[in-house]
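Two complexes, one shared chain (chain A), two partners (chain B, chain C).
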Partner chain A sequence: MSEHGNWPEWVYIGVVVALLVWVGAEAWNIERLVEEVPEDAQVIKVTGQQWFWSFEHEDGTKEIGELHLVKGKAYKFEVTSKDVIHSFNIHDYVVLMDAVPGRINIVWFAPDEVGEFEIQCREYCGLIHYNMRAKLYVEEAI
Partner chain B sequence: MVLELQKPRPIWQIMFSTHHTDIGLLYLITSLAFFFMGGVLALAMRLELFYPGAQIITDSMTYNRMFTVHGTTLIFLFILPFASAAGNYFVPIMVRYKDMAYPKLNAIAFWMIPPAAALVWLGFADFTWYAQPPYSIISAPGPAADMWIFGLKILGISSVLGAINFIVTIMKCKHPDLPLSKLPLLAWSFLTSSLIILVAIPTFAAALLMLLTDRLGVSGFFNPAMGGDPIAYSHMFWFTFHPEVYVLVIPAIGFMYDIIPRFSRKPIFSHSSGVFAFVLIAIVSFASWAHHMYATGMSFTEKTVFMVGTLAAVPASAMHIFNFLATMWGGRIKFKTPMLWSVGAIALFFAAGAGGVVNSAMPLDFVTHDSYWVVGHFHLFVMGTIAFATFGFAYYIFPYVTGRMYNEKLGQIHFIISFIGAIMVFFTQHVLGLFGMPRRIYDYPPIPEWIIMNQIATFGAILLAIGAAVWLVNFVYSMGKGKPANMEDPFELGGKYYYPYQQKTPHHD
Partner chain C sequence: MRNTIGLLLVLTVLFIIPTLEYAFGQEEPGKYLNRRVEIWNLFFRLMVVAFTIGAVVSGTLVWLCIRFRESNPKAKPTKYEESGAW
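Entry: the complex of A and B
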């Protein structure tokens, strides 16, 4: 490419490209596995609204501002919104999905630890976005 | 180069001039003024986050308005105008033409900025610089939101006019003896970033109009209540603004291509690889926009496509870093202020790029998305890389613009304080994101890790503010009272080095 030898640059670019290919392949593979929802997952309808979360279990029980789940079971969240875009987030379990009005987005997880976890909104949604929080209680299976 | 301060002219002569250096000066002053205005907002927000609960800002609406105007100001009223300033000064000189191709258009493009800035600042909208519908349609209070939309509309037109001017100046007014391949890399950076603007901006211009009519209630493009799709807006926004990220960073890399060889006292390692990387990034930048939207419910295939497009943009940036380091390698480097800023910018550019690879990997993005990690990540780009290169370039052209030297000691203090400050703010914000703190929040629960990291970041922001104050004092004092610069070789680099600034571009009336 230029007057002097350019081989160090080609070696360097080769290393960079190899690293990127590795990152991309790993990410592709992991995401593919992570996105596969188990068939026995229970459906929980999640609705974001300025500025609180409401949940509906498969048996029709409704909860507002808190969510009670059982350890070891798989749950499939069907996330939507009533007004503006929110983002449903349980950071401790890397659950993150935008709640978009007019759409139902799917995300799933299986809690493996008993305790209290924070649910928060991660997409700017106005005045009380900073405090649009809920609590996740994971309980021992009976 | 004009020496405004040595041969004072009445201010209206500069304001109504169409000469490229006068317009460059206007751009320069405007952009630096808005840097300080946007910076004050940043400092206020950092102080607010120093501790949970209300500190200095009494309500969340004011805070939301502040981060909206902070982002809009620093991107559109600081970084872009500074690039235009540098381009106006140097592009005509580098292509050996008497002026920009269309001097009046040039003046018009500049004079669209003050009214747009007035709309943004007087409106003080609250819907973030992203203006995501349906919030921006059904929830954001007017007239602030509408003023922001018109302000951005005007800024977009100004950008397009400026881009047309740069492209025509370089392609049509270039001296016939100067082949495109020998054009300095700084001029190449303006050519590529202007081409990106021309392709990218119209999409956002359309989205803004659709947003406006949606707000007026006569259409429902992005309003789900009227059958629209808010995600369509996200696509249109990021189709413009992901390439726009490269519009911001490419001129900054151009600045470093001008500074680094000169202060390393060695020719650039590979001119052609720099050109190649610029052109490559201009093309690839259009293949990655939806990596901002992994969490909007995109399918696995869509996410994969945009991840590949994003990763493909990395080698071009890596080539620039290689080029900088290979140029410095074995050079007799003189670490004057402009060089210090450039080296700092290389380091933080590398850190920002590495963080970007993490974001682009799909599973990891669900950890970092819309968290403080992202805030830290893009601030490493816009502050750590672009603004650092910009500051370096400001010091670099100071003697050519004012005819005087700034105080070298204070310049170096400015750099050291800011470098430490930037690391304290933006690296800490990355970690804060990993601990789950969402971005754009006015208040946070008293989680001990969050508190301590927010406090570190606030101390870093205070350092950045002190550095900026040192800079302001240095420049204002040196403009009037500084030592007269040796215009042949203001940085005492010695030898016969190419100084395009010695060329005269006389005023045309």
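Entry: the complex of A and C
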């Protein structure tokens, strides 16, 4: 042991490690909460292809370029792609999931506001990527 | 060594255990949580931590540079410099 104490270094390391542990724990916990899909969520199949989005509801209804949902209900998106990698994004609801050919990725949300929202592709997927958009209409429950 | 272990124990009790309890003792999954709120709140909390760590680390470096510069009035030669060994 050296002549001088080195406790300030240990306090320093301890505080930084504690903060990093906190960061990791918080992020892990929120991810766990956000990824747990409610049991009563309705399944919507989302397919991306150059350069539009198509949607299929549980009852077989299909929509292209627009999606009609009801406020206050939970929806589970099963996201896939027919050609290249896209990314399904509803910016206002912080929904973001890659659409990968041959894979079904899952993301869910429950809209809490009535209105029109933008759906867009968030992964560069070719010439008209910039305009690979769709409209989300959230309507009042009848 | 014993002091170090003691200090780490104290830090564990003071910071790490409460942190874990705080993080894991929150709501259970399965509810209709608002992911927009959860994710943005997480982002802001983590930014607070990031800036705190940044401030502590850069503040310590600035303090070290000012305090231990040769021209600081409080500066004194190390024992190696005094003895001419270095």
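In this section, the second predicted complex is superposed on the first by the 131 of 142 C-alpha atoms of A that agree within 3 Å, B and C clash if a C-alpha of one lies under 4 Å from a C-alpha of the other, contacts with A are read in each partner's own complex, and residues count from 1 in each chain.
Operating definition for what follows: contacts are C-beta pairs under 8 Å (C-beta built on N, C-alpha and C of every residue); 3 or more make two chains touch, one makes a residue touch a chain.
As the structure is a computational prediction, the values presented were derived from the model and not from experiment.
Touch criterion met: A:25 reaches chain C, while chain B stays clear of it. By the touch criterion defined above, A:105 lies against chain B but remains apart from chain C after alignment on the C-alpha atoms of chain A.
Of the two partner chains placed by the overlay, only chain C lies in contact with A:74; chain B stays clear of it.
After superposition on the shared chain, chain A has more residues touched by B, the comparison being chain B against chain C. In the superposition on chain A, A:34 makes contact with both chain B and chain C. In the overlay built on the shared chain, the residue A:122 is in contact with chain B alone; chain C does not reach it.
Shared-chain residue A:89: touches chain B; no touch with chain C.
In the superposition on chain A, A:60 contacts neither chain B nor chain C. Looking at the shared chain after the overlay, A:131 reaches chain B, while chain C stays out of its contact range.
Taken together, the two complexes place residues 1, 12, 16-17, 20, 23, 26-28, 30, 32, 34-35, 92, 94 of chain A in contact with chain B and also with chain C. Chain C contributes residues 1, 3-4, 7-8, 11, 15-16, 19-20, 23-24, 26-27, 29-36, 38-40, 42, 45-46, 49-50, 52-53, 56-57, 60 to its touches with chain A in the complex.
By the touch criterion stated above, chain A contacts chain B in their complex at residues 1-2, 6, 8-9, 12-13, 16-17, 20, 23-24, 26-28, 30-32, 34-35, 50, 83-85, 87, 89, 91-92, 94, 96-98, 100-103, 105-106, 118, 120-131, 133. Every residue of chain A that touches chain C in the complex is listed here, in rising order: 1, 5, 7, 10-12, 14-23, 25-30, 32-36, 38-39, 72, 74, 92-95, 109-110, 112. Listed in rising order, the residues of chain B touching chain A in the complex are 60-61, 64, 126-128, 130, 132, 134-135, 138-140, 224-225, 229-231, 269-273, 276, 295-297, 300, 303-304, 307-308, 311-312, 314-315, 318-319, 322-323, 326, 357, 360-364, 366-367, 369-371, 435-436, 438-445.
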